[in-house]
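One chain, subunit A, links the two complexes that follow: it is found with subunit B in the first and with subunit C in the second.
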Partner chain A sequence: MAAPRVAARRRRRPLDQLLLGLAFVAPALLLNLVFDWYPMFDGVYRSFYRWDGYSTAVWVGLGNFERLLNDSVFRTALWNMVFFLAAAIVLMFPTLVASVILFRIRHQRTQFVYRVLFCIPMVVPWLVITLMWQFMYNPQYGLFNRLIEALGMPDLTQTWLGDPELVKWCLVFMGFPFVTTNAALIYLGGLKSVSESVWEAAALDGAGPVQKFLYLELPLIAGQFKLNLIGTITAAMTGYGTQLILTKGGPGFASMVPGLYMYFSAFKSQKYGYAASIGLTLFLMSLVITLLSMRFFKDTEEA
Partner chain B sequence: MSALRADLRSLATMLLLVATLAACGGAPATAPDAPTAAPEAPTAAPEAQPITIRIMTWHGPDGNTAYYEGYKTLTDAYTAANPNVTFEFVYQPLDGYKELLDTQFVAGSAPEIIHMQPWMINEYANKGVLHNLNNAYNSTSPYVDGPAWIASFAGGEDTFAGVRSSNKFGGIFFVPSDSSAVLSIGQPFYYNKDLFRQAGLDPENPPQDWEQFRAALAALKGAGVIPIAADNGRWIGWSLGQVGYQFGERYVDQFYDAKFTGDRGLEFYWDKVYLALANGQLTDAEYYGDMLSLWKDYAQYWQEGWTGTAEADAPNLFMTGQAALLQSGFWDFQSYSALIGDKFEWGVFPVPVITSATSSFGIGKYGAPAGTQDYGFTVNAAVESDPALAAAVIDFLQYMTSLEAQTTYVGIAKSFSPVVGVPIPDEIRGFIAPEALATAREVVGPSFIEWGDGAIWPGLSQDFLLGNIDQAAYQAEVAASSQEGAKAYVESMLGPDGFQASIAAAQQTLADLQAEGASELMIASQQRTVENLQLRYEMMQTYYTP
Partner chain C sequence: MATQVQARRQRPFPWAEALKHAAIVLVCLALLFPLFLMVMMSVKDKEQIVYEFFAIRPPFHLENYTIAFGYIAPLISNSVVLAVGSTLLTVSVTALAGYAFGRLEFPLKNLLFGILFAKMMLPGIMNLIPSFTLAWKLGILDTPLPVILFCAGTSQPFWVFVMRTFVAQQPRELFESMRIDGASEFQNFRYLAVPLLRPMIALMSINVFVFVWNDYIWPLVTIQSFEKRPLTVGLAYLTQANPGDYGMLTAGYVIAALPLLVLFFISMRQFIEGLTAGSIKL
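Entry: the complex of A and B
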């Protein structure tokens, strides 16, 4: 009698496993639907309404988007965003180069030390780092002006975040030395997965360090670069935390970005419908730019 | 299948654990500190079922004031007398307070008692998320000798008339705290006497009018001292208020018939301003030129790079002896005393008045005692679904505003009290504006700026003060923004859910009170509410031009 029972259990196993698998996946799927997808579609829906967050929403069709087209603050914010996006893309390269250099270090212990040094900043909360920079930029008692004064050049002190001409550069400079731990780990993972024979062949062919970088390392981690690029584009286009904490978009609107304008429209003006339309516009722009960059990479690979 | 059942049991156990952990993680912050003063025992207790009341406030245990300590003393005393009622404090600094509150209301998780600033109260009341305290105020309180709880507040029933008129339900939606309707409490300058001496100024005779003030600021700047510590947050509104609310006393009365002005008109002053804004009558008042140029001139005395200075950094400039002046309220008195210690000698003086010597439009006086209650603790309308909870909340608020509890409280917090007979702590007497000068009423000032789009006007103001846009462009942009908002408000009030619905509801309440044989005070109060709503409706119907 035991053998048929075992056979029956074996026959049911795929179904059992499917059910078990679904049971494990269900909570994550449910949470994903409730906390990711529902707010996203609700935001799209709200963008066609005038809504203060409480009263009955009033259908305005494309009214919010029409208003957005004529909104001078939004236009300023868009230009600022383009600046931050360009800076963020350019500043991806120090991480790339640093990762390759780290990969080339053959001495295991030295490599370990550098990797630890790379990872330590990751455990310091972003907010703490932002507040440290805020302190350093303070014109009256901040580090930079004190340093400039100590060097005997008091005329070169600046108002930093309080200067409309400097503020965007100050915010970009906050990433110094522009090496992002997460991105570096992704690049290193990609380089480590390449077969050792490739490097040996390159050495036998007499490839120099620059040639190795341009013709081997860079193409071999193009996939990882694409992944990081998507993250960089999305963060640069939708992010606003640094501006919210440090400048509130000022002086004037000199550092205003669309994400912060969306936040202010929702929570300072009670224009939730309008804020949703900014959010949707940002999402669409981010999607288009990401798709275009992916397309560019695909064409490059095919060529 | 038994293996599958075992797996599913494990999964269920894991999910339960995860859910439990998530629930623990999501619990509101609870303040753990012990009281610092002997509590006064309340004399009444609500029903004995376990009740937890959450109180949301921006005064937290790690804040600069002793307010939290004062509140905690009162809640502990209440719990001692009513062991079934416990309290949890939900602390959120003012920066982000409204954002958190908005999401809590939308999610249905807002606390039972919520500390609110004046502008928040009407907004949330009009959205229907606050409990109307009319009936509670007009009923007796177990902690007060007298016919109604409302009589225990300084100024009595009259100080709530304007409150009732400022929301569309004609109700009272808060219990006043840390304020007084019968005193003119200012937000003066804290000043560094040592730096005054360094600049050749007499620290014992601080400036009283704007001309003296400007001369003092110039002297400080000339001596290499930062005259005023400014920031890129609240300071924009504060500095605008210092200058702006010294212009345009009773300015909007010119647009309305006599029946809407005078003392009765005081009760719906804000409606008059909204209506004038909506009609474009406040786009260009004759005093704006002087007011704005004075404000811009004032900005030259703020530290360099103030637009990049965070709110928390401005006090640092004062505390470290780099800036001579810092504006703040009495609530910071204790913390500033502790922080400054004996580093330098300091004092406070009121914001100097703008007299005719500076501008022919300057009113030369301070705001009169408001005569109206303005802020305090509101009650979440959600408590109405749980009568026992609602009763406990009201009972606690009545206890909190008893003479004994308030006396204990102001002693700890060094604050003002809205309740009759509560002594004023000596330390903060200097924050009361000189009585002879505190007579201005219905000052319109820069309402056309401040009532504009909150996402835009602070940035536009910075651009104006930095000289990036001229006065005409600034004025036009902020006026357009506030007119749009005011129009939306007026049109909503003239719509079916506005005054018509409010008047019908108020009349029904009046009829119910009469049928129940309520006290004369309650009936008269409700009658006045109905009349005010009718007057406001008539005024908007008569004067609004779409």
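Entry: the complex of A and C
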């Protein structure tokens, strides 16, 4: 039965096979090359030019990068990025713990209801939730100042996003309760794929809930954690949507991040070459950090 | 016998289980609080928001919804065009490529797949500005095309990857036994593979649709005319243009959130199971 089929397969000439394969993959590949790969290389190329978008681009060599090194705004943005990155990594743990607790709930129907509720924030446009937080922080009408007034402590009201000392903390706190749907679903998927006998063995051993978490669940979803870690690092280093909507990097440059600086350099100051060099720098930095963290995890796994 | 019943009755209240429920319920309440606040404010007028912030009592101002809908209806249809267009293009090229990478044998296959896969692993931050200049040079700014084409170009590597894995996991016999004799490979794909791949295609469609529907920065940059802008960009603009009119604005947010919530509740099971399943293969 198998032999004639293999023979039929072999009879196709390599060139025909290639053409057939290309017919299937060419649309995807072309779109990817033109709209994803090409812009990336174009970005590398442009980062060596000074270009306002209209006149002819001028070759400046490494000039953009030299300027970047001495750019105090960029330096502030980098420090802010480090702050947001550290916060994002620490705040991965509530999601991890919540996922494990959710997974341990025995009643399957209730568990499903909880998972549905977890999913809702992902379906509601991210922008809507961000705008609701903007309202909550509003000094005049917002929830937080109203709460503080209602508690009878009007002296403690804040300007929140308008306060250079507070603004970064406010932006971090927007993640409250720091459970991200996507990451939670990935952890749950990992836990679900573990065979039933493992849990039964753990129950027989009489492991306590915390021990079970540290020695059983945590190692079992190390792969999923790594995946989420890469996503978190890339998002924290290169993301700027929240800042773009809520603070424009302000007050002053108190919440400026490199991604937003790139955006403003291009679309506000028309410095496309400079913006491209910020993009390249940021790209290389997040790539290196991601690779380093992968390396770190590989080492700890082997140890 | 009697002691057994006794023992069962005396079984202590399951504190551990109750604690888990309590923790998760608290998390859910906190997660959903901004949405609760949004709905609560959407039925108030300006005075009620200033003077009775924490109260929920009539009169309920449902006219907020009609006013907001007037602003938002055209934005919704723009968003539908963008999301449906992107989904159709992305899903069709991905299904074709995923099928070929998972099922067919041809020279250069691994190289071509590597090209897609490598880009998937690289951060996309560099792309924004050169993508904008590319769209500009192509003369497609201020049309739905940048969103559709760049979505199909950038989001499909991941889905080709997922689709290829899914195709390769199906038993070979399933495809072979259904092969129509004398039919071209494309007919086999269209009439045999596509029905088999339907759950994966559904999952992918929902994800791409949600992604485009919620996207903000790229349409903000590429679509300048207000009347062509999608929902997210329009909402941010409305919020800036109507400071303090929170009743109308939150009503608009509710309207903006509804289509996807409805889609989600219709396809809930596939959505959650699919998202969970897609991530298992690491």
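Everything that follows uses one rule, which is that the second predicted complex is superposed on the first by the 281 of 303 C-alpha atoms of A that agree within 3 Å, B and C clash if a C-alpha of one lies under 4 Å from a C-alpha of the other, contacts with A are read in each partner's own complex, and residues count from 1 in each chain.
In this text, a residue touches a chain if its C-beta (ideal position, glycine included) is under 8 Å from a C-beta of that chain, and two chains touch if they have at least 3 such contacts.
Since the structure is predicted, the reported quantities are computational estimates derived from the model, not experimental observations.
Participant: With the two structures overlaid on subunit A, would subunit B and subunit C clash, or do they fit side by side?
Facilitator: clash
Participant: With both complexes superposed on chain A, which partner does A:159 reach: first (subunit B), second (subunit C), both or neither?
Facilitator: A:159 sits against subunit B, while subunit C stays out of touch.
Participant: Just subunit B (first), just subunit C (second), both, or neither: which does A:211 touch?
Facilitator: Neither: A:211 stays clear of subunit B and subunit C.
Participant: By the touch definition at the top of the document, which applies to A:27: first (subunit B), second (subunit C), both, or neither?
Facilitator: A:27 contacts both subunit B and subunit C.
Participant: In the superposed arrangement, which partner chain does A:280 touch: subunit B (first), subunit C (second), both, or neither?
Facilitator: Only subunit C is touched by A:280; subunit B is not.
Participant: If you stack the two complexes on chain A, which partner ends up touching A:250: first (subunit B), second (subunit C), both, or neither?
Facilitator: In the superposition, A:250 touches subunit B alone.
Participant: Once chain A of both complexes is superposed, is A:104 in touch with subunit B (first), subunit C (second), both, or neither?
Facilitator: A:104 sits against subunit C, while subunit B stays out of touch.
Participant: Which partner, once the models are overlaid, touches more of subunit A's residues, subunit C or subunit B?
Facilitator: Higher number of touched subunit A residues: C.
Participant: Please pick the stretch of subunit B from 38-46, 74-82, 308-316 or 416-424 that overlaps subunit C when the two structures are superposed.
Facilitator: Of the candidate stretches of subunit B, subunit C runs into 308-316.
Participant: On subunit A, which stretch or stretches are contacted by subunit B in one complex as well as by subunit C in the other?
Facilitator: In subunit A, positions 9, 20, 23-24, 27, 53, 134, 140-141, 245, 267 sit in both the subunit B and subunit C interfaces.
Participant: Spell out the residues on subunit A that touch subunit C in their complex, using ranges where they run on.
Facilitator: Touch list, subunit A to subunit C: 5, 9, 14, 17-18, 20-25, 27-29, 31-40, 42-44, 46, 53, 98, 101-102, 104-106, 110, 112, 114-129, 131-136, 140-141, 143, 146, 150, 176-177, 179, 182, 185-186, 188-190, 192-193, 209, 223-224, 227, 234, 237-238, 241, 244-245, 259, 262-263, 266-267, 272, 275-276, 279-280, 282-283, 286-287, 290.
Participant: Could you list, by residue number, the parts of subunit A that touch subunit B in their complex?
Facilitator: Of all residues in subunit A, those touching subunit B are 9, 12, 16, 19-20, 23-24, 27, 52-55, 73, 134, 137-141, 158-164, 167, 245-253, 256, 261, 264-265, 267-271.
Participant: Once bound in the complex, which stretches of subunit B touch subunit A?
Facilitator: Of all residues in subunit B, those touching subunit A are 1, 3-4, 7-8, 11, 15, 18, 98-99, 102, 105-106, 123, 127-129, 226, 232-233, 303-310, 313, 316-317, 320, 322, 453-456, 458-460, 462-463, 466, 468, 492.
Participant: Which residues, counting only subunit C, touch subunit A once they are in their complex?
Facilitator: 16-17, 20-21, 23-28, 30-32, 34-35, 37-38, 41, 49-50, 53-54, 89, 92-94, 96-97, 99-101, 104-109, 112, 115-116, 119, 122-134, 149-150, 152-154, 156-157, 160, 176, 185-186, 189, 210, 213-214, 216-217, 221, 231-232, 235-236, 239, 244, 246, 249-250, 253, 256-257, 260-261, 263-264, 268, 271-272, 275-280, 282
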